[in-house]
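Below: one structure, written as structure tokens.
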Amino acid sequence: MRATLPPTDDKFREECGVFGVFGHDDAAALTVLGLHALQHRGQEAAGIVTFDGERFHAARHQGLVGDHFTRPSVVDGLKGDRAIGHVRYSTHGTPAQHNIQPMFAEFSGGGFAVAHNGNLTNALTLKGELQRRGSIFQSTTDTELILHLIATSIRGTLVERTVEALHKIAGAYSLVCLSNKKLIGCRDPLGVRPLVLGDLDGGVILSSETCALDIIGARFVRDIEPGEMVVITEDGIETLRPFAPAAPRFCIFENVYFARPDSTVEGRSVYDIRKRIGAELAREQPADADLVVPVPDSGTPAAMGYAEASGLPFELGVIRNHYVGRTFIEPSDAIRHMGVRLKHNANRDVLAGKRVVLVDDSIVRGTTSLKIVQMIREAGASEVHMRIASPPTRHACFYGVDTPESDKLIASRMPLADIADAIKADSLGYLSIEGLYRAHGETGRDDVQPQYCDACFTGDYPTRLEDQDNRDNVRMLPLLAEAGGR
Amino acid sequence: MRATLPPTDDKFREECGVFGVFGHDDAAALTVLGLHALQHRGQEAAGIVTFDGERFHAARHQGLVGDHFTRPSVVDGLKGDRAIGHVRYSTHGTPAQHNIQPMFAEFSGGGFAVAHNGNLTNALTLKGELQRRGSIFQSTTDTELILHLIATSIRGTLVERTVEALHKIAGAYSLVCLSNKKLIGCRDPLGVRPLVLGDLDGGVILSSETCALDIIGARFVRDIEPGEMVVITEDGIETLRPFAPAAPRFCIFENVYFARPDSTVEGRSVYDIRKRIGAELAREQPADADLVVPVPDSGTPAAMGYAEASGLPFELGVIRNHYVGRTFIEPSDAIRHMGVRLKHNANRDVLAGKRVVLVDDSIVRGTTSLKIVQMIREAGASEVHMRIASPPTRHACFYGVDTPESDKLIASRMPLADIADAIKADSLGYLSIEGLYRAHGETGRDDVQPQYCDACFTGDYPTRLEDQDNRDNVRMLPLLAEAGGR
Amino acid sequence: MRATLPPTDDKFREECGVFGVFGHDDAAALTVLGLHALQHRGQEAAGIVTFDGERFHAARHQGLVGDHFTRPSVVDGLKGDRAIGHVRYSTHGTPAQHNIQPMFAEFSGGGFAVAHNGNLTNALTLKGELQRRGSIFQSTTDTELILHLIATSIRGTLVERTVEALHKIAGAYSLVCLSNKKLIGCRDPLGVRPLVLGDLDGGVILSSETCALDIIGARFVRDIEPGEMVVITEDGIETLRPFAPAAPRFCIFENVYFARPDSTVEGRSVYDIRKRIGAELAREQPADADLVVPVPDSGTPAAMGYAEASGLPFELGVIRNHYVGRTFIEPSDAIRHMGVRLKHNANRDVLAGKRVVLVDDSIVRGTTSLKIVQMIREAGASEVHMRIASPPTRHACFYGVDTPESDKLIASRMPLADIADAIKADSLGYLSIEGLYRAHGETGRDDVQPQYCDACFTGDYPTRLEDQDNRDNVRMLPLLAEAGGR
Amino acid sequence: MRATLPPTDDKFREECGVFGVFGHDDAAALTVLGLHALQHRGQEAAGIVTFDGERFHAARHQGLVGDHFTRPSVVDGLKGDRAIGHVRYSTHGTPAQHNIQPMFAEFSGGGFAVAHNGNLTNALTLKGELQRRGSIFQSTTDTELILHLIATSIRGTLVERTVEALHKIAGAYSLVCLSNKKLIGCRDPLGVRPLVLGDLDGGVILSSETCALDIIGARFVRDIEPGEMVVITEDGIETLRPFAPAAPRFCIFENVYFARPDSTVEGRSVYDIRKRIGAELAREQPADADLVVPVPDSGTPAAMGYAEASGLPFELGVIRNHYVGRTFIEPSDAIRHMGVRLKHNANRDVLAGKRVVLVDDSIVRGTTSLKIVQMIREAGASEVHMRIASPPTRHACFYGVDTPESDKLIASRMPLADIADAIKADSLGYLSIEGLYRAHGETGRDDVQPQYCDACFTGDYPTRLEDQDNRDNVRMLPLLAEAGGR
């Protein structure tokens, strides 16, 4: 029985985090810890593959990292001084066991494991081609596609075959791969998803975010660059640049919501960006109010920035219940209707009689915003002014983020002017796209060559969407359905 | 396999929360929600007993409320318009299934269920007496003792028998009881543990804290008073005062740490008290520093109060990993050694080169404080000044809180002056007991008749400790051990 | 989720088996093996309690013995050189965890564990009396009643208190009890249920049947006699006879169906009795047929006896599927309708064109008999002559056997002459009650003082049925229901 | 945690059973029942794939059919009027989830599912070739190899591609396959493994044995012939003969032990063959004894035949414990040493003082035979004459049976003359190979062109053993190991 996340959690979802270790005796335990630090990037399943010089070892489980991977019986079975790991929230691929990454293939020359964060935009098209030549897919993941492309490449070395495979795929990807000899890390040419390089006692670490370096005490070395492939062997780290140079387009939503505030992304502190976003928001969308209250925890840094810039006091007017976790399996109707209160409660003594600026990072469908505004009002607030630390989200993401279809997005469904009413706020203000860029230290958005991928706000997708354009001709759904569990 | 809480969590533990509903069609669902809101008071197990006019219905499970109780199959089976519930962290009583509350007994006159928050100080003495007269105990809980005292009372009515039972017991207790006809709520004469009365659509609610009224949208009516017994029937609420009047001694540690910040306790906002504590702490224990950082989440309101009072900026210099929950079952050694980092990470961009005031609510063994101070220092802080939002904890609690033996408490093991060194802080400052009382709006502690139970700080226990005094003559351990668990 | 036994199994069910060891280092492992050998007497749950000189240790689990008890983690936890064990199929008592035996109580003088095979006929009456004096029951078993009677006895020694308790109860019981010093075995005055004494390497063994002595290689010493109590201590075995002498009334159905064919009961081989029953049946109910086929496995020895006596060939015309075990959890309707075929298949090459004598041990509701007769006919048999190795079962049992209400018994619902038609047999013949006694070496039934309890055939109950007579005045159902499982 | 079969079960193991339905509304439920009837052919895992006209549906679980597949939630999810199923005991392929059959692949032209009974003798050789051209294997089964061969065939139709694949493989196989349009059944050219055709209400059934037709009430039509491929579509059944004609070599051990006695195999009743084997054995290996006792249940028909032919009485001198099933997970040492007694007990009243002929179907390692002989002797038998209903087993099987290496087989380890001593029997007699053939109605074995595959007795393998011959050059073990299980 799968746990369902509480229905009140109306957010975009990151789909994955990746991690890798080369040359450290505790490779498996370090990967467990790294994945735990990256757990916010995917809570549905986790997996680790190690190599001990002779055989590969795998453990892949549904659930949180802490549910299975911390046991000695698992850690001890993952032998070897090199490992890759993955946490996953699924967009492509049902939650079945065979979709959990890293994926592994036994090539004629040896084993190869791949973990992937991102999403390919021509996967279905390529899959059809491979099936026509006789390849059999066991999962519905992009990752298996990459394995098949490498397997069927006729180039000489594994690195050459991997490069050839990457030349065929389009979309966003940060990959870590493990072969008999090598740990490989790679970002797509636009660098949409993050990947960083670290060092621990001379061992090499790859990670989606720096917070996973911190948990193991590793030193942050640098970001892997967009379009860069690093190949780590016992002889050291080699850098390849297999793609034509391109202007980077890092996902700006990582900074708004996905990344952990204690990570440093592309040279900037996420926490600091979010406080700056709050300050920009205070300047663009001031409010005549008594205090600033975050929707915890994602809205907290922006609310602090808003409070500082506006001079209004910052108060914890909404308290989060820490036990909501993954629980609430198949809630009864009576309980489902309690909605947001399972996770948040208004702190009435702070709110009673006050004019409140409520700061959240984004609005997706709007259902949760409505409930929180109502809760704040019932707790006695005289006015609720909603302020959003990003522009309106109007477009689906095809680069590894789980977003509703655009017709489910409130900012796409109705004029901006109507949203405040819809969520029953006294006023509503979004940050402008220019303000968002300013918070990143830019003078503004370069509309000709935007500095970030901001497609969810602008609809300006930085790559062709081949499967999407061709969606009437490819099979979106796998032919085989699992009946009654595993 | 039981989940073990992460070894980094060096805190006192509340042992229980209680909840009751009388006269509402959704009694079971409301109790599920109420217990979820009280989950911070006990995470080991939860239980609910309802009455449908003919039969009682029970569901009792190890784990969190959300793990089991939210399913329609459970909620629907808990029939009736009245219910009591309990969340538990065990001190007395092993985690076995038969110790989960509420406990139920079939008396000759009908059924009776009891849920209990607190701890009795003469339970073992009374148990020996009852066994000599032929009573058989199936659990190791105080709650079963209360049931046996009621069962063997020769008084006429159930209320009279309950009163007679309460006259025999000593210690701290807030009880909710359910019979064929009545819902009963009761606090011990000193009112050590909280219990509040609420109203929802004409139905009566009892709860350990007001946050559980909020989650179901109930109206807070008033605190049950120390020594008060309320008897709720279809005819309304009757108040009894079965004890000689006594000066109240509410547990001051509820305000320091146990209670949720969004609860109102004894007429005061817990969040507000904690901010005031922070302000007192800033006045008593100033520091020459650049910023104030809380140990989240329990230290956050006090840190905000400290920052406001000191004029130093408040920053989220420590980030909490929300996925640590109940996970990390039997961690391997390599992972256990990561200690505090499973739960917290330093936010390096905030801390680098800074003189930091680090605010926590209390220090128990000191092991976690040491690790957090080191982590902050490794993240680049130039100085770490630890400030504790309560006096040194030097004494064990016998009133329903899980504390280490006093020889494990760092403030009992060494002179105050040595603790800063032991936790590697540049300075350490505790709030004084007088400052703690001032933050509660008192002019200071009345040493003759203290306004609160502060025994964990002062050793001044407000009741006799009969079992403790007699501990060489009573059997502390049950005769039967469960082998190989269920 | 509880496994349900397949719906095709239309048999009376024995409710329990008991086992005990005193003075053997492998007490727990021996008890595991003994209970495995007694598994046919109860498949719902099993339990073991041991004593190591200081503490008692218990393991009690739903499911088969082999499911849990064979693991080293369980066996090793059951420390000590003395143990008692129990397998259970429930009649009284729902399948809840707290009903699994042995039951244990901590008396003021020490611990006491009891395992019970049988059923009391005045339990509810006594329970009401005990509740009125303040005893609290946690289970719905007769066994807990016995514990309460001992606990509240004011006699001096544990043996005296146990005897006093036994003087109050009526019905059928074979008990094994374990105290700090003693292992006690006892049969009710009529000796309705079996209990035997064995010896292994100088250690004492008690067991419901001799087959459990065989599995551990123990020597059969003798039957415990009706009304006998044996008290085993380190000083040896003492025999008490606490009851007035009475003529024994051993359950004759143990020999017809319950006991294992490889057990020796009351001095006779069960296998031999069943073959003699078959021979009597052949004489009383001959058939003009080609071959004799048993309904395996319970009808096999009687069919062999029938074949020998009649001179007809014995053939395996029905094959049993060994994998039906406890499986078939909540079968879908389509599968449930396959009924008997899940367990049995006709062996067509044997049956085609033949006139078949089909031998079964008994008919309860008749539903299975109908299906088996049809199956045999569809396999090509030209005639099917059903022969039953016992008299018609017309009356419910109150002595520890799970029987349907008498209005569900086919021999109670319709004239004998109609049953052959109802099960679509060409002819039907039951063994007479006189024939059944003759097969036991008697000249016939002594109607004044019957040699066995044969109440299920004759309605001649050997004790008063106090609860049954008083059933409108006692509560049959417990006041508390478990909702949504454990 | 995997259940381990009891250590006393010293038998060869069949590895698989297959089943298929085309054109029946209850296809899934029929397949569940069919697999239950074939459970003796594989107890480790089971799987079903159905097709509903649009999508395929799969359920694959470790454990018995009754453990999972009978639930409505599973049966209802397996939509469609056609299905194939599989029960498995693994030789090739670890017990991992991804090895459970039927295996499924999505070809460019549609889906294809395969279930396989048998074993290929050139699988590793072919797998290496396919990996070199880029195929990725997810399991370690022969079945996936067949799928890859079909996927990479460049022939036009699915049937042509399947035929091409079959031309490449060597060894023993009975296959059932399901595509969007067709159900295909096929036996290898020698017909080593069985496969039969049945009819139910106009729907077509395929099954390893006829007992699975009986359970669903289907009519037996005929055996699929060696080398025959039947292709079932909505237009009817078409027969192909894609192989050059070859003399059949059906596995004679199916008749000795594997097949259920109620099955009809190659036109003969298995029960009848076994009785004839017993009669031949009595003639070849008479004994001066008092009675004939089978080792139940596999030795029972041969013992009956022996008793009839010898005129000695047939008695149930060994009683089987029906609850041993799959239980006894990781038994403690003390329990493991009880060995055979967990499963069998001597019936002492039958054996005491008697000269016993003990009949078993075969001896593998000899460990169980020794224990049973000792048990019979301890029960009082004066002499034990072991008679084996097949020739000595001296050679490993490579055609789908799990046998020990030949150096573990007692008849290979020592001269025949020494085995009686090794198992402590007074005498030992095996059936001759000629006698075995005579029991099948042959005049004897045709040594030039043997009528059956009898390689386990004779070492005369009917095909080349390519992988075996080449075993130093192929990787026997997969590169990836699962750590800590799922």
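First chain written, first letter: the chains are A, B, C and D, and each begins at residue 1.
Here is the rule we use: a residue touches a chain if its C-beta (ideal position, glycine included) is under 8 Å from a C-beta of that chain, and two chains touch if they have at least 3 such contacts.
All values reported here derive from a predicted model rather than from experimental measurement.
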More contacts between chains, B-C or C-D: C-D
Mean-CA-position distance for chain D and chain B (Å): 61
Chain centre separation (chain C, chain D; CA means) in Å: 37
Computed distance of Cα centres, chain C from chain B, in Å: 49
Residue list for chain A, restricted to those that touch at least two other chains: 71
Interchain contacts (touch definition) - all pairs: A-B, A-D, B-C, C-D
Parts of chain A lying in touch with chain D, wherever the complex brings them together: 49-50, 55-61, 68, 71, 73-74, 77-79, 97-98, 104-108, 110-111, 128, 131-138, 144, 147-148, 151-153, 477-486
Chain B to chain A touching residues, read off their complex: 26, 29, 32-33, 36-37, 39-40, 43, 64-67, 70-72, 75-76, 211, 214-217, 260-262, 264, 269, 271-272, 297, 300-301, 304, 314, 316, 319-335, 338, 341-342, 345-350, 378-379
